[in-house]
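Here you go, one structure.
We just call them A, B, C and D in the order they show up, numbering each chain from 1.
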Amino acid sequence: MSTRFASLGNLVKKQDLILNAVCLLFAAAFVVMALSNVRRAGNFFSIDSLFFTLVSLMLAGIFMIIPLMWAYETGLLRNLFAAEGDDAVGEAVPVHFEGTTKLFLSILGFLLLLTVIEVFLAYIQVPLALMLTILIGLSLIKAALILAYFMHLRYERMSLVYTLIPMLVICICLLFIFFPDSFRIFNLRNYR
Amino acid sequence: MTTHAHTAERLTADDWSGGTFPYHIGHKKLGMWLFIVSDALTFSALLIGYSYVRVSSDQWATPFAFSPSILFSTSMTLCLLASSFTMVMAVAASARRDRRKARRWIGATMLGGLTFLALHIYEWLHLIEEGLRPFGLAQGSAFAKEWTERWPQASPLFGATFFAITGLHMFHVLTGVIYLGYIALRIRRKTHEDVEISGLYWHFVDLVWMFVFPLIYLLSVDFHPAVH
Amino acid sequence: MGRALGVLIWLLTIGSVWLFVNGRWWLPPYISEHGPAYDRQFMITIIVVGLSFAAAQIGLGWAVWRYGARGNRGERAVYSHGNNRLEIIWTAITALIFITLGLMGQRVWAQLHLNEAPAGSTKVHVVAQQFQWNFHYPGADKNFGRTDPNLVKDAELNFVGLDEQDANAKDDQVVTTLAVPVGRPVELTLESKDVTHDLFVPELRYKQDVVPGMAIKMHFTLTKEGRFELACAELCGQLHYKMKSYLIALPANVYDELVAMPQAQFQGRITQLIKEYPLGIRQGAATTAALR
Amino acid sequence: MEEATTPIEPSAAATEVGAAGTDAHAEAAAAHAPHGHHGPPTGFIRKYIFSIDHKVIGIQYLLLAIFAAFTGMFMSVLMRLNLTWPGHKWTILETIFPLGAPGGVMTPEFYLSLVTMHGTMMVFFVLTTAPQGGFGNYFLPIQVGAEDMAFPVLNMLSFWVTLVGLLVLISAIFVEGSTIVGNTDFVNNFLGGGGTGTLGPIGGWTGYPPLSALGKVAGPGQGAGATLWITSIAIFCIASLLGALNFITTLLNMRTRGMSLMRMPLTCWSWFTTAILALLAFPVLLAAGVLLLLDRHAGTSFFIPGGLVFNDVVQAHKGGSPILWQHLFWFFGHPEVYIAILPGMGATSHILSTFARKPVFGYRAMVFAMFAIGLLGFFVWGHHMFISGMDPRTSIAFSVLTLSIGVPSAIKTFNWLGTLWGAKIRFTVPMMFAIGFVSLFVAGGITGLVLGQTSLDLFIHDGYFVLAHFHLVMGVAAIFGMFAGVYFWFPKMFGRMMSERLGQLHFWPTFIGVYCIFVPMHIMGIVGMPRRYASFQEYDFLRPLDPLVLLVTIAAIVTAAAQFIFLFNFIWSIFKGKRASGNPWEATTLEWVTPTTPPPHDNFGGHLPTVYRGPYEFAVPDAPEDYVMQTTPDAGEGNVAAAGAGQGSGQGVQGSSGNGHNGQH
């Protein structure tokens, strides 16, 4: 892995900086575009608005690739997200199971807390669109917690994470391309 | 042969040049992870299909009363979460090579799973008795009448999505319980990895429920309930 | 053996190209306003495709002809693992050509699909059912009568479920032939009674699926008079291949007269028109401008 | 299904649990230990029927695919007969299909059921099964230097599940007509079919609802046959999923020492990419299939909208959308196209290089192109739905992405030509088929530029142009890849050579024949001929095509006949062919270093080979032969290693393995 990224790092530092700055600028611009669209759109859940927002966010994501790769290379990302055991590649006997009862209990506590928050949202009858957004957000956090601690992904090699998660994320994101259609079909239905 | 492989291992500059496990996990665990990815996509497709038909309908029935329906399903969620915790404890015990404890914790997990199944089946039977069907509503029941009054334009797909998605999930829970039972029975012959893999599957089932529960139940809450 | 294979690849290439250029079989003549743009894009694409096809096959044939082993086991091939510069050059060139072509290919689509039909278009409802096309005209009042699937009675020829009680329905006509005016924008609303069908008139350069549960709109403007075959292009069951009708492109004044007629007369007139118009573009018809 | 993913391994059970369980390195060693998995089976049934040996399973898959291919081919010939001579009485047909061809004249529904069965059979049980399940199973473990697949039992299970899928599919032909099954009550009550006098499902292999979702009310061919058809596909999905995760695990975890990713043969890369596609695409189809079955039998309406009227009766269904099925189906369907073609590309690259006696041109570019095709394959399913009523704006994105798939495809073509340039080609039969593959891939693939454009699709969608395009590229080209594979690997699989002369006799008519069948079909598409028509007699604008229709039919019959030469050659050579040596083609990869031919039960006789170089080292200057095996140690430092059974050499190899030889230029 490292050799491959090293070959990318042949760029002069200054160029790196400029490139990253430009990319970040573009990414930021697209995020601003998406946000302003969200703000301005009267009805956020219309095809046009969704389409525009999604496309802007996707483009922002694409522009983030280079800065992220740079961050990875310079070790910024590694320090932030990598598992504790990951640096110890050369260890003779890799530690395979980590975590204490206390840790798992606190994770369980978190999951229960999030579930209670979700149920509470249902109790106070939050408007549907907001409710959906919050629920999906909370569910993703819960899923991440389960994946990371219960399913132990945090203590595996990062390469496993890199292999599994993008596959899933790409496919699920792709499935969301269906949605402009569902909104349209709603409008085109001839028998109600 | 073992020392030989170890020599090669030490000489290997990077994990990917053969003769070793690149992720430092065995076949079965990698296989289970891949299966989980693929199964997650089956559920995603179903949940997205559900969202699709819901969005493209004029009206979607939101029949679940906060009390008791949602509280009931919340207790089901708690069952699953608790069983996930006991499963982690089982894996931890197995990592310490404490098989007796591991078996007990697996037993507790199965108990959680079975409670979930029992509650779920009770809920299904209750709903069917009231008049909810995969194809819509049982004709002529008081429930159907009330439902039609409340949601005159409602898509009949409520029952279809509900039974299809929770049914498939229930099938997974059932398989999981059987699988765990098999592991618990033969725990003396199973490696730590085997226990861990069964744990992966169990947590995955839990993870799916973390999406099914909000999308199917919490987004169908109603203050003026039709389902009691 | 190598030479024979090389020659065969060349012969097959020549044969394939000949089939495309001999002119005996090609797109039918167009009758719609977007037809010329469509045909131009089609020609450009076919030329690019044809050139790439021929170049690749000739190159393949040449390599096979030239680089056969001569039975001398001692001789060796050139030892090379590739050439990155070459790789980058041809990737860039193909990417440029393909993406340009792809972007060019959106024009007609955008015109037909992203634009709404112009105001005042002639409107016809198309109701497809298994193995029959029904065309529902609004009549003199230009308002469509109410339809309801519960009222459908094929035996009483009420194929589209027209509600006779509705005031707007009084002058509506339903026939199994599509008549539209030349020179005016036409907007069809496609609906299906049962399964997915697809409205296809080759000369129109337009196909559109008729999806049950949806009222899909399509619009176009005709430039030539004549009668054309209208087919179903999406598998709809046993007699899919027999689901045929006609598109009759009429001068605007003839069309106006036609839609003013009540159902019975309308039907007779259509039958008469089918006889009057031989298949294909009507020769010697007045120019489009005069018909407006 | 769960138990299946964790087969009990005696070796694992025997190992001390705690230590080995927490130490992947030790387990790696265990996996590579001789006879680590299972001893050679004894007894006919364990050895040849319910075998867990990947080689036997590979051959089983291959035989299944050959059977399905000939069945599918027979159906296509029947279709051509009906199209060319409509209404002609084929007395023999009446004897075979009393319901499908009463009086010897094919009914339109029989024609459509042939269309459906031909499509399903070919796409699932030939194009997906043979290259992946067949060759992949046999050669992936050998080429990466493993003793078996990662999950041998699961592997056996995938084959048997596939076989069940095939049997269910075939039975779909017979249940619909009551006179054949006889037991009408069963058909009527249990499967929802009935004696409608037709044969098989008629929804096409894409099975668009509502036609396929409503049951008998939608007309003949939508009863029990359609149920069995969708069941068969669901079963096949499960089998493919199990197979795919087995392939990925084997390839990632079981490569032998020195077999870094960039030293794998391109065939392995293609099977790997294909397996990833299968792993991600089939679950979506499985979900769609389950929903369709629910629509058919539980009365739900996921894919059925409201207001449908059949024979004046308004259907009870309401609320669904046919477009949802199309999305789910094509989300699987487009990657499926690449599942069919990628292994062919891999085999072609492999064989071209071997017989050109020259390294593959741009190995790295080939790998990246393959991955790019696989990845882009997930982004473009919408191009099957341009005119389906889908959102026209998304079409534009799909269209541009579709055309961009042309770029990696072009890279592959250029690299194949680059491989041939300056070569010393040996014109063996596998090489001829590999060259044929390149030619057909170009011919079929390039028309994707026409079809991928939204505007042009307005006219040619659902017509013969599409038919010609995908038959050439994913049908015939893929099958040429398989033929190349069969002729190439036959000596290794059966220890005998296939007859070169018969092979040549098979190649020439097949190659000319497929051009004569499918190039004219493009022309038919341009004139406007729609697909899935049981007869063209109704339409005047199709009349001028009659000579072409006749030409295609004659070519089809000749080509089909030529396949029997292959069948004869295949069977005859198994028993009577010339004995093959261990490495008859002087190839370099690991399958040619097995101690015996066919390989022994554990492939390498207990000593897994160590790999020292990339897969295609032909024409290396200063080497004694014009090919250098992957297992030949490097000159100098390697000599010591060879004697020391790989211990010392490991260092030399690993030291130089960082980038492999491929980054040289």
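Annotations
Simple rule for what comes next: contacts are C-beta pairs under 8 Å (C-beta built on N, C-alpha and C of every residue); 3 or more make two chains touch, one makes a residue touch a chain.
All of these numbers come straight from a predicted model, not from anything done at the bench.
Counted by C-beta pairs in contact, the busier of C-D and A-D is C-D.
Separating the centre of subunit C from that of subunit D, both taken as means of CA atoms, is a distance of 32 Å. Centre-to-centre, using mean CA coordinates, subunit B is 48 Å away from subunit C. Averaged Cα coordinates give subunit A a centre that lies 34 Å from the centre of subunit D. Centre-to-centre spacing of subunit A and subunit C amounts to 43 Å, using the average Cα coordinate of each chain. Within subunit C, contacts with two or more other chains are made by residues 149, 213-214, 216. Contact of a single residue of subunit D with at least two other chains is seen at positions 22, 24-25, 279-280, 284, 305-307, 318, 320-321, 323-324, 331, 389, 393, 658. In subunit A, the residues that reach two or more other chains under the touch definition are 94, 96-97, 167, 171, 175, 178, 181-182, 185, 188-192.
By the definition given earlier, chain contacts exist for A-B, A-C, A-D, B-D, C-D. Interface residues of subunit A, counted against subunit D in their complex, comprise 3, 47, 51, 93-94, 96-97, 167, 170-171, 174-175, 177-178, 180-182, 184-185, 188-192. The touching residues of subunit D, counted against subunit B in their complex, run 1-3, 5-6, 8, 12-13, 15, 17-18, 20-22, 24-34, 144-145, 150-151, 154, 241, 244-246, 248-250, 252-261, 263, 279-280, 282-284, 286-288, 290-291, 294, 298-302, 316-321, 324, 328, 331, 611, 645-647, 650-651, 654-655, 657-658.
Note for the complex: subunit B touches subunit A at residues 14-16, 22-25, 33, 37, 40-41, 44-45, 48, 51-53, 55-58, 66, 70-71, 74, 77-78, 81-82, 84-85, 87-89, 91-92, 95, 153, 192, 196, 199-200, 203-204, 206-207, 210-211, 213-215, 217-219, 221, 223. The touching residues of subunit C, when paired with subunit D in their complex, are 1-2, 5, 8-9, 12, 15-16, 19-20, 24-28, 38, 41-42, 45-46, 48-49, 52-53, 56-57, 59-60, 63-64, 67-70, 73, 75-84, 86-87, 90-91, 94-95, 98-99, 101-110, 112-114, 129-130, 149-150, 152-155, 161, 193-196, 198, 200, 202, 205-209, 211-214, 216, 229, 231-242, 244, 279. By the touch criterion stated above, subunit A contacts subunit B in their complex at residues 1-2, 94, 96-97, 99, 101, 104-105, 108, 111-112, 115, 118-119, 121-123, 125, 128, 131-132, 135-136, 138-139, 142-143, 146-147, 149-152, 156-157, 159-160, 163-164, 167-168, 171-172, 175-176, 178-179, 181-183, 185-186, 189, 192.
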